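Shared chain: chain A. Partners: chain B in the first complex, chain C in the second.
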Partner chain A sequence: MTVYLLRRLFQSLLVLVAMSLIVFVGVYAVGDPVEILISPDADQAERARAIVALGLDKPLWQQYLVFVQNALRGDLGRSFVYNEPALQLILQKMPATMELALGATVFAILVGLPLGLYAGLHPDSGGAKAIMAGSILGFSLPTFWVGLMLIMVFAVQLGWLPSTGRGDTLWGWSFLTPNGLSHLVLPSINLALFKISLVIRLTRSGVRETMLMDYVKFARAKGLSRNRVTYVHVFKNILIPVVTVVGLELGSTIAFSVVTESVFAWPGMGKLIIDSINVLDRPVIVAYLMIIVLMFIVINLVVDIMYSVLDPRVRLEGQG
Partner chain B sequence: MSSTTVAPAVREETPFRRFLSEFAASKIAMGGFIVFAIIVVLAVLAPWITPQDPYDLGTIDIMDGRLEPGAVGASGITHWLGTDDQGRDMLSGILYGLRISLTVGAGSALIAGLVGASLGMLAAYAGGRTDSVIMRVVDLQLSFPTILAALMILAFLGKGILNVVIALVIVEWAYYARTVRGSALVERRREYIEAAQCLALPTRRILFRHLLPNCLPPLIVVGTIQVARAIALEATLSFLGLGVPITEPSLGLLIANGYEYMLSGKYWISFYPGVALLITIVSINLMGDHLRDVLNPRLKK
Partner chain C sequence: MRLTLAALALAGAMALPAGAQTLSMAVGAPVTSLDPHFHQLSPNNAVAGMVFDRLVNTDGQSRMVPGLAESWSVVSPDTWEFRLRRGVKFHNGNDFTAEDVAFTFRRVPNVPNSPSSFAGFVRPIREVTIVDSHTIRLRTDGPYPLLPQDMTNVYILDRETHENAATEDFNAVRAAVGTGPFRVVTHRLGDRIEFERNDAYWGEKPHWARVTYRMIVNDSARTAALLAGDVEFIDQVPTADLARLRGDARVAMSEVTGLRVIYLSLDHPREGASPFVVDNDGRPIERNPLRDVRVRRALSMAIDRNAITERVMEGAATPTAQFFPPGIFSYVPDLPAQRADPEGARRLLAEAGFPNGFRITLHGPNDRYPNDGRIIQAIGQMWTRVGVRTAVEAQPWTTFVSRAGRQEFSAFLIGWGSNPEGSHPLRNLIATFDASRGWGNSNRGRYSNAEVDAMLAEALRTIEDGAREQILIRAQRAALQDVAIIPLHIQTNIWSMRRHLRHDARADESTRAQDIRPR
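Up next is the complex of A and B:
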């Protein structure tokens, strides 16, 4: 087990190093930052000073070594645009993105579970067929366009909810104020769309499988009411896979918030990265990608370790 | 009955014919196919059937800007779907945009399919270290969300149609590789592969002439779904301003152009390109969904 863990940890580190190299070379090989960052009116001396100040005069491999050294100290460079440490800039935006991702997860569960439960309990009813057709739509609709439609209907036509921004915040969180909460609703629904479909499908197939289990038959035979069997015996057992998958999806929800944040002008990490790519603010791009890559490597590592604890076959294969 | 009428009955037993009749059995799948075929024909014929060439500045009058659907412009053209801020006819813009969306989607899916299928077959056929290296890369690729990987690649390469295609290929190939490897692992143990090996045929010939045709069914299913995904992803990237350039607007970019006017109630600039995108994606997905059933031997009697 220890050997497997160490091996897996070493692999993750290797991936992290490889990704840092790819990200760094990729981002720094695009165009010439000097052209973008220094005003064309600047004279030669000013240009030279700026180049030295930004460290752009050194060869690429040296820039990378400096980058790695600094990264290990938690310093991922300063934003060219905001002139603030890139890491700090991203961490400042993180609560907004986390709030959005959690809001979407809550919506996905609140909407997806009951619908999936219904579709699983009455698989041949018209309602269930409509729900399943809707879930196919949820998979194929482009998120950004649905976001625009939500704005069009609920913000422009009906005027019920605000369309852009975070609204009032308390201690940096929107959901703590009524105004902020109203700003959170549309973006959360938009980001939740894909996940709602996922939860519906997971719940439905879970219910249909569980209903055939012996313990469900036994509970029915024991004379328990249909409601008690459904909501206590069946429901508890389908919750485990649903919660696992929704938890695992958190990483990709954060990644996909890039789209939703752009549509709703939500000032989170995703909007920051899009803006940074558009003005070629490289330190921020690199820092964002490194943070996200690190996050995914950690999630994958945790999942793999969990699987290996639960399933010894994975461990044995890893040693072979 | 004369002998000439017997011939078609025999021909009906070919796998391709059987596939066609099974595919046609589903009304939904046929509906998807018909709608998709119409979309492709409209997109191909766009230069001849649209009321206006949206790229020809001579035919565009800025005074026609933001006309409502159904309004008649200064040049006498009825703009059934309205006009954008530059006075471009939306219907013409959408049909031209479809050309770009479809080209990018189908092109990237085709290249990704070729790359992915080749690597998947190689992994299955060679086995050992080659297999584990290729599949490790596939796992790594699939563990990152597509949007993130595409974003990363476009941050490196910059905008442009070619760069979008490259990004989509890099994001998508792993799906094909995994699918093809799965079926190739089964097929390579079959007698006909052994026979081909005994004949000392070159490996490339065995892979592409013997192994590949037998791995095709799952590849077609994945390919169909991936075309839809590629079109959606391209639209998303273009909407974010990272995709196609403004001179070659795809549906995603048309939607992005209408974004700022949406808040003032001028919905049609974003709405109709989105509907076109939606119909395209759903029609492909309906076909793919049914293809999965038709081509899956386990579901056959």
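Up next is the complex of A and C:
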């Protein structure tokens, strides 16, 4: 186990290094940040000064070495645009993205589970067919379009909910205030749409599979009520795969809520990374991707360890 | 700290009657810093214009008006004297004096990590002399007529408050202390700024006791926020939404012809083959056809500017043949926009030795200016119609502008926002690229014309406005008749608001709460 963990940690480190290298070279290849940040009427002397100020006068490999040196001390550099430490900028925006991702997950479970259960129990009914058709839409409609439609219908036409932005916050969290909560609803639904469809499909296929199991047949033969069979024997057993997938999806939601955050002007990490890419703010881009990579490494590691704990047949030692 | 701020914001929001003197507005471009000397960027300058003042302010038409200086004049050929306003106080109660102006000039070139500093505006100043507490003299290297114009870009700070203030201190609000009509209450970087009225403001006090200034970058989301009533005022109205908003009874518009010209830049310096020009069989042309003024003129004549402004821009632009709209200092009076003349263009091409035209690639950004990608598509068709078979390539600004700066293109679309003074576009876009003079830095086509350079140099030595304007008009006419660039149109700046508001539109694109009033 310890050997395995050490090996995993070493691999993770390699991934981080590779990641930072790719981003460094990638941003360099895309364009010159000074060209984008500087005022067009700045003269040549001012341009040269800005290049030096941002540390872009050195060759790329030296810039990278400076970055690594600082990173080892926990300093991922300063944003070119905001002149604030990149890490701090991202961490400031993290609660907004976290609560959006959690809100979407809550919606996915609250809406997806019952619908999936219904579709699984009554597979031939019209309702089930409608639900399954709807879940295809959830998979295939582009997020930005759905987001705009949600705004047009619920904010502009009906006026029920605010159109964009994050509401009042308490201790940095907006779901603690009524105003903040009302701002959270539309973007969460938008982000949840894909997951709702996913949960519906997982639940439905789980239910249909389980219904044919011997223990379900036996429970029914025993004369247990329909509700007891459904909610105790079937439901409990389908929950395991659903929880696993939803948990893993949380990671990608945090990392890739970019589109929803842009459409709803949600001040989270996703919007920060898009704004940063648009102005080639390299320190923020690098720091953001490092954090995301780290997050996925940790999630995967935890999942692997959990499996070995839950299922003795899985041995971590043997894996590479 | 965060808790107290949030609680304060909450209490503040609840204490105020809704509607009365509160304003909620949204802008399309993020404000990257509250430090007025950190990043020279129009959205930052607009916010700086709410919190701070300049010695010389500008009105809606970008004309100079007294700001913290009540008047200014030349006292000797190389010295300007500014007489400062008395009785002005900073938000924290400190008095504004000449010391603060001198301090500001010292700070401007020394802001650490600035990606685009304001140093260029104070560099001409050789020596600062404080005559008395409210009079200051600035000596320059020889006569320098543009100093008052430069002063419209420099926001004045307080020596006592800002002696050691870093950019972070401004962003954290504690150093965001100016003499302007609003003070900052809270600031969430890249998201929103809350302002309150400065009741001790020396000038006309704004109507709004409290202002929420939000940044909604996505165009559709910004329009939706206005229609939903979440915000009462937006800027950068996308042209695609114009028809809808104009037809909406709940909404009013304000607009003004701006100072941003959209133009095509051509490859001037290469005498041999130009990278994206080939003959009709796809072979490189040995001499660069764009060096022939007849070819450049033909390319300009082939463009139907009215079609572009009416159909592509939905009327939100004015065709032009120069940098400025009428009424701006150094506008060239007898230089109307080129009318579309495909026959004439073909004739000129034949005269220049290209009766069957040639092939060219027209580059441009697709995310920078309103409808930029569609404009170059339209031009591609117009050029193809006169025999110049045009391929169009639109790219994201980040990639595009770096390549354009390295002279990688033969022809490309780009824009320029001018100060209302002919020397500004001439010096930056037209003058020969010369690092020692600081000229031609945005002259990405590397046009070079000794006659124009000489006139510009003369203008920059001429203090008297009338005489300078005449020289600048001559210089612009010479450059534009030589088709140094192909001007297309000047953008119209458009704002949209709920019906109960009215707005004094600004040619410089700034979106500021003091320009908005109840109807």
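Please note the rule applied: the second predicted complex is superposed on the first by the 270 of 320 C-alpha atoms of A that agree within 3 Å, B and C clash if a C-alpha of one lies under 4 Å from a C-alpha of the other, contacts with A are read in each partner's own complex, and residues count from 1 in each chain.
Note that a contact is a pair of C-beta atoms (placed from the backbone, for glycine too) under 8 Å apart; a residue touches a chain by one contact, two chains touch by 3 or more.
Note that the structure is a prediction, hence the values are computed from the model and not measured.
Shared-chain residue A:Y64: touches no atom of chain B or chain C.
In the superposed model, A:L148 lies in contact with both chain B and chain C.
Using the contact criterion defined above for the overlaid structures, shared-chain residue A:S140 touches chain B, although it does not reach chain C.
In the superposition on chain A, A:S163 makes contact with both chain B and chain C. By the touch criterion defined above, A:S262 reaches both chain B and chain C.
When the shared chain is aligned, chain C comes close enough to touch A:R78, but chain B does not.
Residue contacts after overlaying the shared chain place A:I285 against chain B, while chain C stays out of touching range. By the touch criterion stated above, A:Y4 is placed in contact with neither chain B nor chain C. Residues 30-31, 148, 151-152, 155-156, 163, 262-263, 277-278 of chain A touch chain B in one complex and chain C in the other.
Looking at the complex, you find that chain C touches chain A at residues 2-3, 6, 9-10, 13, 30, 32-33, 35, 38-41, 112-117, 119-120, 167-168, 171, 188-192, 214-218, 220-222, 224-225, 227-230, 367, 397-399, 401-403, 405, 416-417, 419, 424, 428, 435, 438-439, 441-442.
Interface residues of chain A, counted against chain C in their complex, comprise 30-47, 49-50, 53-54, 78, 80-84, 89, 92, 148, 151-152, 155-156, 159, 162-166, 168-172, 177, 262-265, 267, 271-272, 275, 277-280. Residues of chain B that touch chain A in their complex: 140, 143-145, 147-148, 151-158, 228, 232, 235-236, 239-242, 252, 255, 259, 262-265, 267, 270-271, 274, 277-278, 281-282, 285, 289.
In the complex of the two chains, the chain A residues touching chain B come out as 15, 23, 26-27, 29-31, 136-137, 139-145, 148-149, 151-152, 155-157, 163, 251-252, 255-256, 258-259, 262-263, 273-274, 277-278, 285, 289, 292-293, 296, 300.
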